[in-house]
Amino acid sequence: MSGFTHFDSNGNAVMVDVTDKDITERIAIARGVIEVNDEVYSAIKNGTVGKGDVLGTARIAGIMAAKRTSDLIPMCHPLMLTKVTIDFETDDDAKSIAVICTAKLCGKTGVEMEALTGVSVALLTIYDMCKAMDRSMQMKEIHLVEKDGGKSGHYIRQKSL
Amino acid sequence: MSGFTHFDSNGNAVMVDVTDKDITERIAIARGVIEVNDEVYSAIKNGTVGKGDVLGTARIAGIMAAKRTSDLIPMCHPLMLTKVTIDFETDDDAKSIAVICTAKLCGKTGVEMEALTGVSVALLTIYDMCKAMDRSMQMKEIHLVEKDGGKSGHYIRQKSL
Amino acid sequence: MSGFTHFDSNGNAVMVDVTDKDITERIAIARGVIEVNDEVYSAIKNGTVGKGDVLGTARIAGIMAAKRTSDLIPMCHPLMLTKVTIDFETDDDAKSIAVICTAKLCGKTGVEMEALTGVSVALLTIYDMCKAMDRSMQMKEIHLVEKDGGKSGHYIRQKSL
Amino acid sequence: MSGFTHFDSNGNAVMVDVTDKDITERIAIARGVIEVNDEVYSAIKNGTVGKGDVLGTARIAGIMAAKRTSDLIPMCHPLMLTKVTIDFETDDDAKSIAVICTAKLCGKTGVEMEALTGVSVALLTIYDMCKAMDRSMQMKEIHLVEKDGGKSGHYIRQKSL
Amino acid sequence: MSGFTHFDSNGNAVMVDVTDKDITERIAIARGVIEVNDEVYSAIKNGTVGKGDVLGTARIAGIMAAKRTSDLIPMCHPLMLTKVTIDFETDDDAKSIAVICTAKLCGKTGVEMEALTGVSVALLTIYDMCKAMDRSMQMKEIHLVEKDGGKSGHYIRQKSL
Amino acid sequence: MSGFTHFDSNGNAVMVDVTDKDITERIAIARGVIEVNDEVYSAIKNGTVGKGDVLGTARIAGIMAAKRTSDLIPMCHPLMLTKVTIDFETDDDAKSIAVICTAKLCGKTGVEMEALTGVSVALLTIYDMCKAMDRSMQMKEIHLVEKDGGKSGHYIRQKSL
């Protein structure tokens, strides 16, 4: 089981021991995309201009979910996040919305899972709020963009999606 | 705001009133994929044969998350799911793992979001347990496969991914 | 202990037995107010017109909290709410914001606590988002406006506040 | 959006970045009141002497809720509270119960919201346990009494209620 | 895997499908014991007479935990409990406290796990509140006393402990 | 109330103030046992060899529950656990399964309750997954084995069970 850190020498799942790791500032940025149809795309774009705010709701859902990552992902450590933001990019050609989540803390372990969880729940919230118009929406390209801090150092995703 | 059911006539977010909807048997099936590298793919495949059980952990995380959907997605109704299952399909050529979540209940509203949340959290758990080997994994093709029950009837996704 | 329903004959706290109560449509409306200073009042009013949406955030927080009432209030039954809405009224003279929460379900027990919890958490969220400008805000007049359904029938608050 | 700290320069809701703030001892005290009728007031007073303990139940609910503040209030940071207490003052003339919550931690951000959440949920619990006797109870004067620690220093509420 | 209902034909964990089961009134009673030393036993007994109420706190914790059983036990269905009570029996000779939890609902599946979870968390709370006086306390004899309702009918534990 | 630390001088429940305690490495190990019948014992033993993994599911449930201890036990502080593991010992003669939970953190207060909660929920999960075969299973001998760190120093349980 050499490659896994989430299993002990008998192959049993464990929450990795981070007791002796240094407290450092850590940051992670994750990103994902939801593809929608024309009707949904227009409604979301108009909604953010007017008052029916799909993206505002998704932002709050994503931030709240990032804080609850250790409740959802079995081997994640409870963490005291010091910052979470959710941003959106709309693509008029692809009729898609990108969700970007940035998470930070001073702590003993990284915040990749928090950033990825924030992205996933924000995407699910967009799906939920628009599903009466289009059930065929697809969520894709959910990945870690960048992380920094801790022993493993600075990581920037190189592989094209 | 005609297309949205999650906003009132002023464009404000609401939890849709389902008080008068019929209690019927409802089912939803969602699916998503995580692409991994060769090392991770072999480790997961071996893990499920031996004892280090990435997919077993992801299955439990997905089932537990499906039950908590209304805690995560702001406008989802609390529901009493009567069944949740998570299945996996491995693709040796693409080095990818597909997660399929099926959710059922007898109730007044559908369970698409529960199935999609189960898929998303199972995928995130696979990512978490393998990220020490590969941070470039990507989650994709998260979509509703099929739903049945309720006024909107039987839906099967037609659009190719 | 005659007046209490939340204590048994020995005076011990219990979750009231509602097993034999009828399943009926039940509704409750609660209301509360937060008094703010001029600066906060203007910022909130402008915010709802522009993009910095204090009330939109408070609405989502209130709806999500109403769904979690039985996690917070020890003797509340878990319920499957079929509707929750949060509305706001602004009072330019008093520089105050009123929060109104409506909760509905078909079930064996009423939803007063869900409506009151929705109001309280929406008010707390307004406080949180504005506290950097004014720490002296006060929340007040949190009360049940009206309820209907179930054996105790229709209640409308008569007493002036 | 100059006055708000919970919005970025585009007016979008964010969890404020506290990564670089100092870890200091922080304390906050909040207070709120519930007005009840004569029957409820007597029952509560007798209850705390005998065994039917409305206030004991409200104390526990308030302490547990203070610990979950970041689950309820969207932009609150997860915190490791080092102390929470709930105290009560009864007013025989006004037939009212005051709830006082004190929260402490060593951390990077203040605990006002934790103290206010503790007060609000303790008040809601009193309402819940007594509502069979009186539905017209009102919660009021929920406010921050005092806070200390952190860059903004010592605050004591001056404004009369 | 013939004996297990929580695994499918491939041996994978599933939440059992209860969609087609009848809605019936179901009840379960569970019981467990904590052995304490003389000092703790006296303090608890005196506490329940005076104001320092270990058992009152344990009762509330047990009731709240019973409501959250499906959040804790992976394959438990979310349920709408209609009643939960926690009772205590003290044994002056054995210096032990018994916790009895009764859970009820009208639903499609039984409430044994809810009753057992209520007992376990009430016992843990007694341990927590007394551990400064005695760390050697032991919890034991946690078992299902009786259940009724549903296809499997009436069960009363016969085997001596 | 001299012996209790969870009550103030008036006997009211409090979350103990640990603000001024040192941050030290703390560890706790707890253990408990479930007695099962022959059929269940064989199924569990075979299950861990094959794919139907009762103990794997119980391990994950125990780890996740340990992280949520402060949500369940009213006076427990929220903590940032740095490690949780669950191990099992099977006893072919007694037909019993022992659960051992180890919890660690660097913090201001001990992790006994986290280790005991992990044990209790893992035992409950074993019960849940096997209850269709045997409802007479009993959980017992749940106790603190050892703790270290903090002012009270090293504790090893001496008393025989």
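By letter and in written order, the chains are A, B, C, D, E and F; residue numbering begins at 1 in each of them.
Criterion: a residue touches a chain if its C-beta (ideal position, glycine included) is under 8 Å from a C-beta of that chain, and two chains touch if they have at least 3 such contacts.
Owing to the predicted nature of the structure, the values given are computational and were not obtained by experimental measurement.
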{"item": "Shortest walk length in steps over touching chains, subunit B through to subunit D", "value": "2"}
{"item": "Per Cα centroids, the chain farthest from subunit E", "value": "A"}
{"item": "Distance between the centres, which are taken as Cα means, of subunit F and subunit B, whole angstrom", "value": "31"}
{"item": "Subunit B: positions in contact with at least two other chains", "value": "12-13, 51, 53, 56-57, 60-61, 64, 68, 71, 74-75, 78-80"}
{"item": "Chain-level touch network, classified as line, ring, star, complete or other", "value": "other"}
{"item": "Touch relationships between chains, expressed as pairs", "value": "A-B, A-C, A-D, A-F, B-C, B-E, B-F, C-D, C-E, D-E, D-F, E-F"}
{"item": "Contact footprint of subunit C on subunit D as seen in their complex", "value": "1, 3-7, 10-13, 32, 39-40, 43, 47, 50-54, 57, 60-61, 64-65, 68, 71-76, 112-113, 116-117, 120-121, 123-125, 127-133, 135-144, 147, 155, 157-159, 161"}
{"item": "Residues of subunit F that touch subunit B when the two form their complex", "value": "48, 51, 53, 56-57, 60-61, 64"}
{"item": "Residue ranges of subunit E in contact with subunit C within the complex", "value": "25, 56, 59-60, 63-64, 67-68, 78-85, 87, 104-106"}
{"item": "Touch list for subunit A against partner subunit F, complex", "value": "8, 12-19, 21, 70-71, 74-75, 77-80, 107-108"}
